[in-house]
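Should a chain be cited, it is by its letter among A, B, C and D, assigned in written order, with residues numbered from 1 in that chain.
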Amino acid sequence: MNPAIRSVARYAIHKGLEVYGILRGYTGLMEGDFIKLNHRSVSNIVGRGGTILKTARCPEFFKVSGQKKAVEQLKKHLIDALVVIGGDGSFRGAHKLSLHWNIQVVGIPGTIDNDLNGTDYTIGSDTAVNVALDAIDKIRDTATSLERIFIVEVMGRLSGYIALQVGIAGGAEEVIIPEERFNVGNICERIKEGRRKGKYSWIIIVAEGAVNSYDLAKVIKKRTGFDIRVSVLGYVQRGGSPTAFDRVLATSLGPAAVDAVLHGKSDIMMGISNGDIREIPFAIAVRKKAWLDKNLFGLIRILT
Amino acid sequence: MNPAIRSVARYAIHKGLEVYGILRGYTGLMEGDFIKLNHRSVSNIVGRGGTILKTARCPEFFKVSGQKKAVEQLKKHLIDALVVIGGDGSFRGAHKLSLHWNIQVVGIPGTIDNDLNGTDYTIGSDTAVNVALDAIDKIRDTATSLERIFIVEVMGRLSGYIALQVGIAGGAEEVIIPEERFNVGNICERIKEGRRKGKYSWIIIVAEGAVNSYDLAKVIKKRTGFDIRVSVLGYVQRGGSPTAFDRVLATSLGPAAVDAVLHGKSDIMMGISNGDIREIPFAIAVRKKAWLDKNLFGLIRILT
Amino acid sequence: MNPAIRSVARYAIHKGLEVYGILRGYTGLMEGDFIKLNHRSVSNIVGRGGTILKTARCPEFFKVSGQKKAVEQLKKHLIDALVVIGGDGSFRGAHKLSLHWNIQVVGIPGTIDNDLNGTDYTIGSDTAVNVALDAIDKIRDTATSLERIFIVEVMGRLSGYIALQVGIAGGAEEVIIPEERFNVGNICERIKEGRRKGKYSWIIIVAEGAVNSYDLAKVIKKRTGFDIRVSVLGYVQRGGSPTAFDRVLATSLGPAAVDAVLHGKSDIMMGISNGDIREIPFAIAVRKKAWLDKNLFGLIRILT
Amino acid sequence: MNPAIRSVARYAIHKGLEVYGILRGYTGLMEGDFIKLNHRSVSNIVGRGGTILKTARCPEFFKVSGQKKAVEQLKKHLIDALVVIGGDGSFRGAHKLSLHWNIQVVGIPGTIDNDLNGTDYTIGSDTAVNVALDAIDKIRDTATSLERIFIVEVMGRLSGYIALQVGIAGGAEEVIIPEERFNVGNICERIKEGRRKGKYSWIIIVAEGAVNSYDLAKVIKKRTGFDIRVSVLGYVQRGGSPTAFDRVLATSLGPAAVDAVLHGKSDIMMGISNGDIREIPFAIAVRKKAWLDKNLFGLIRILT
């Protein structure tokens, strides 16, 4: 997030605009929690994980009363346009602001699940995948020494994007994602057959939304008799210094969003598709994305 | 482990000895799973996590029948002395071999819990602490952005060593270890008081042996009403490229162990104490260690 | 490289082919230095930097005599097709083999400079950029504490790709690349003006082919009076565990190359363009690529 | 540095003291550049490289006039005691303040060279060694693939401490340090002999104060004919998130320094020796330290 905040702020200032940061997302928007940003406010944040503006869930914003508060704060502070960095939920809110309240809003896709339509990548996803991969690599060090079965739970309630990327990149034996059915019996068969062939370590990547990792471990242990270890990476994946890819993406999309604002655009997200920066209406961006590359998914089993 | 294997093997070869690696610990010892090591066998392993010789638990070795098998294999392969890299359990076994079977055995302390008596450090501990710390740092990025409570479970069934080091180094708000009682009510009070003072994020480090992290999360949520997220690092902490500290330690102790063998020593572990390499009888090394620095533990609460 | 070797080998074996690895590139090809690869040969290499097959420069291969030797070795070992992982030079050689000697050759783009035509990305580039970025981040920690000017030389004899990515991602004040003229006088003016405004630290990224870093340091010191520190990252950038992006790319292109071989294709590189895997004739792949995004380059100065 | 600043500030506040941070070292001391520190001022810095208080060289402070200015500022701000985090130079200055001006000063050892007498470790050294080691590991990935000779220059003008630690931990073939003579002819002989035995890659660690790396490269190339690559890590080594060891050390010494102040101690550095925190007079701390472990140095050649 931080590289996006930096590039939006500095580019907008360069264009002669006055820039405010809104703290804790829509919560701060409703409460008028704005801070003026100058060139220096965003110094030395390009490599920092998290966001200097903080975030918060804000169910109230999805009610008309919440939106009304936000609009009043924007009017009171003489804010002409809003740049929203976020995912699905943030953009549904932004869409309402634009549609029903006539507020100029431009979005920048920032979600680790890479599940927004119209953009090939979202900011944060590459970083989250690399953080999770680093954990898998460390487990592999041990896996080959210890000859055990490891379940690693990665983020993804509705999306198996991180799990699949990490599974391919980490050479995992199994990847379990919400988008694809899985059969625990087949997994156990493959494990048992592997042992017969002399393969003793096994890494199973589970997207958090696909199955409970501890339940899965119990079933596999019962059916195979082998020892299982579970790691739940959790919020570790949301931190860490952003990767070069995420920083360059954020640094490209930020100025594009400011330019879109200056051109009077609204109700759109700036995305990157086939190497070009594009404008995608919020209404399209938040539709369910058919991201799953079945070929890539199929490689998991062929390559291990 | 690998830097220790490398330094033992190369130093012993340099001293004119013939060196064999025993695969999968005592299991391989009983089964005669030995591989000859030359200078090249241990090339490019100094930076690799895990161990090229693999490890395995081996309950059978603690029976006389298991030890007998091991001794027969050693005789059969004309092995004169054994260097064992491991912890508590490994050294109990080594002690038996030396005492009852007259096998020359010298130990090198390798356990992430740093719980062996007579040595200030054990190989692997510094690496495990830094791996866990990296996870805490990443969670902190998010913690300050998200204003939530995070529980991070680190390794340590009987020992809170890793938890305390990581808690101090990571600036955690609470550290829960097996060696010290804790009161969940007090923790909840501190959290609620913190919120009143404007402190919204909270990191609680839990040694796996102290309390079940998920149960703890439920209680805190119930009593404070705040959202909790749990990360269970698990075997991630056993992998990763060893730190400089662990590699230098391993590289120092390996040749010392070989020298001890050449001087006819047995039933001892090579440890490092007050900067000097020392010989510690196995019987002493495996006694419960009073490692807990209460001053350091007390700083957790003062500094956060 | 290793993830590409792994995916080519395992996918080809899965397709029923016999696979050999050729050691040290064209040198090994001329000398018949082939090793049979089975499923196990490429175990646990997906996360390792470098290449298990080693590389070497081989000027002789660009002579007819060298190619003849290679062709004889291929015939002798009954090799039907060649998969070449490499860059510019490797593909010029591969093109000759295909065109003049009727050998079936398919290429996979592997070069840190991302300078091959027809593919948006090349394997290794994302990893090199992130390694260099990590160094810049560390220097920035010090830069802001120490108030000095730092020159960091990154790889790129003919290409400023790494320098620009790293400069954008690292928030560098200046990026000097072979593709764009630079004026040291202007740089010194900006430094002096920055000091007047209270900006004391300055990071200048130099692509190795653009200017000698030590000479540049001398000139800047002479003209501004400020202290300069030079870091030359060198071959550090060629190592390190590959990023998720590079591993997924390699794991996608490997099987595609094998499929192309099975379909009788030759004289082509498998590239990725606009998200799709494509076949690009070697003759096109090695042409000079117009990669420089002037907009992105222009952002360097706007954002710092 | 930051973990030390945090632990001094928070522990002192906990003890009821008022705490000021002095910006840019002795420069800020002379100029009265003080900022009041409260509990929050040092939030979230425990994992950050560099120092939030910045540093600067300050030759003027070594003159009486400079010290006088400093003393006046301390009087003016009603500062009773000073905690100085630094090395050799800082403590020489601190010693003068204490001896000639009757200012209460307690030091905390913070220098990457680990060259202070009376303390086994100094803050920052473990971090610098690990950063340099990471670079060596990356070069080794390439070294074994590329079969070349690499020179890596690490920090250390007068001290070979970092070079030796990194050389041992990184499995370098040669380590050149200011404390030990070296013979370039012997190095070249060993390289040529290695080649004859099939050893093609070679890593030479050079402490910056021992020899100019580029000159060394020229000589070796001339005498052996082999290709050499030079990396100069430079200030990269001064950055990076501190290791657990450095953070725990800093977090232990900070409160100890505050306690020493409260007990009226002055003209001393808090060090750690044989596991205990001790008070070392500045006059002793800055004396030349005989740190070099010849045994360890000798292992370099035996183990590679």
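Just so we're on the same page, a residue touches a chain if its C-beta (ideal position, glycine included) is under 8 Å from a C-beta of that chain, and two chains touch if they have at least 3 such contacts.
Because the structure is a prediction, the values reported are computed rather than measured.
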Chain labels contacting chain B and also chain D: none
Inter-chain centre distance, chain A versus chain C - centres from mean C-alpha coordinates, in Å: 28
Centre distance in Å when chain C and chain D are each reduced to the mean of their C-alpha atoms: 34
Chain A and chain D: spacing of chain centres that average the CA atoms, whole Å: 39
Overlap residues in chain A, where contacts from two or more other chains coincide: 137, 140, 144
Arrangement of touching chains [line / ring / star / complete / other]: ring
Chain D - residues contacting chain B, complex: 3, 6-7, 10-11, 14, 43-44, 46-47, 120, 126, 129-130, 133, 137, 140, 144, 165-166, 168-171, 241, 243-245, 247-248, 251-252, 255, 274-275, 296, 299, 302-303
Chain A residues touching chain B - in the complex, by the definition given at the top: 1, 24, 48-51, 54-56, 131, 135, 137-148, 150, 229-240
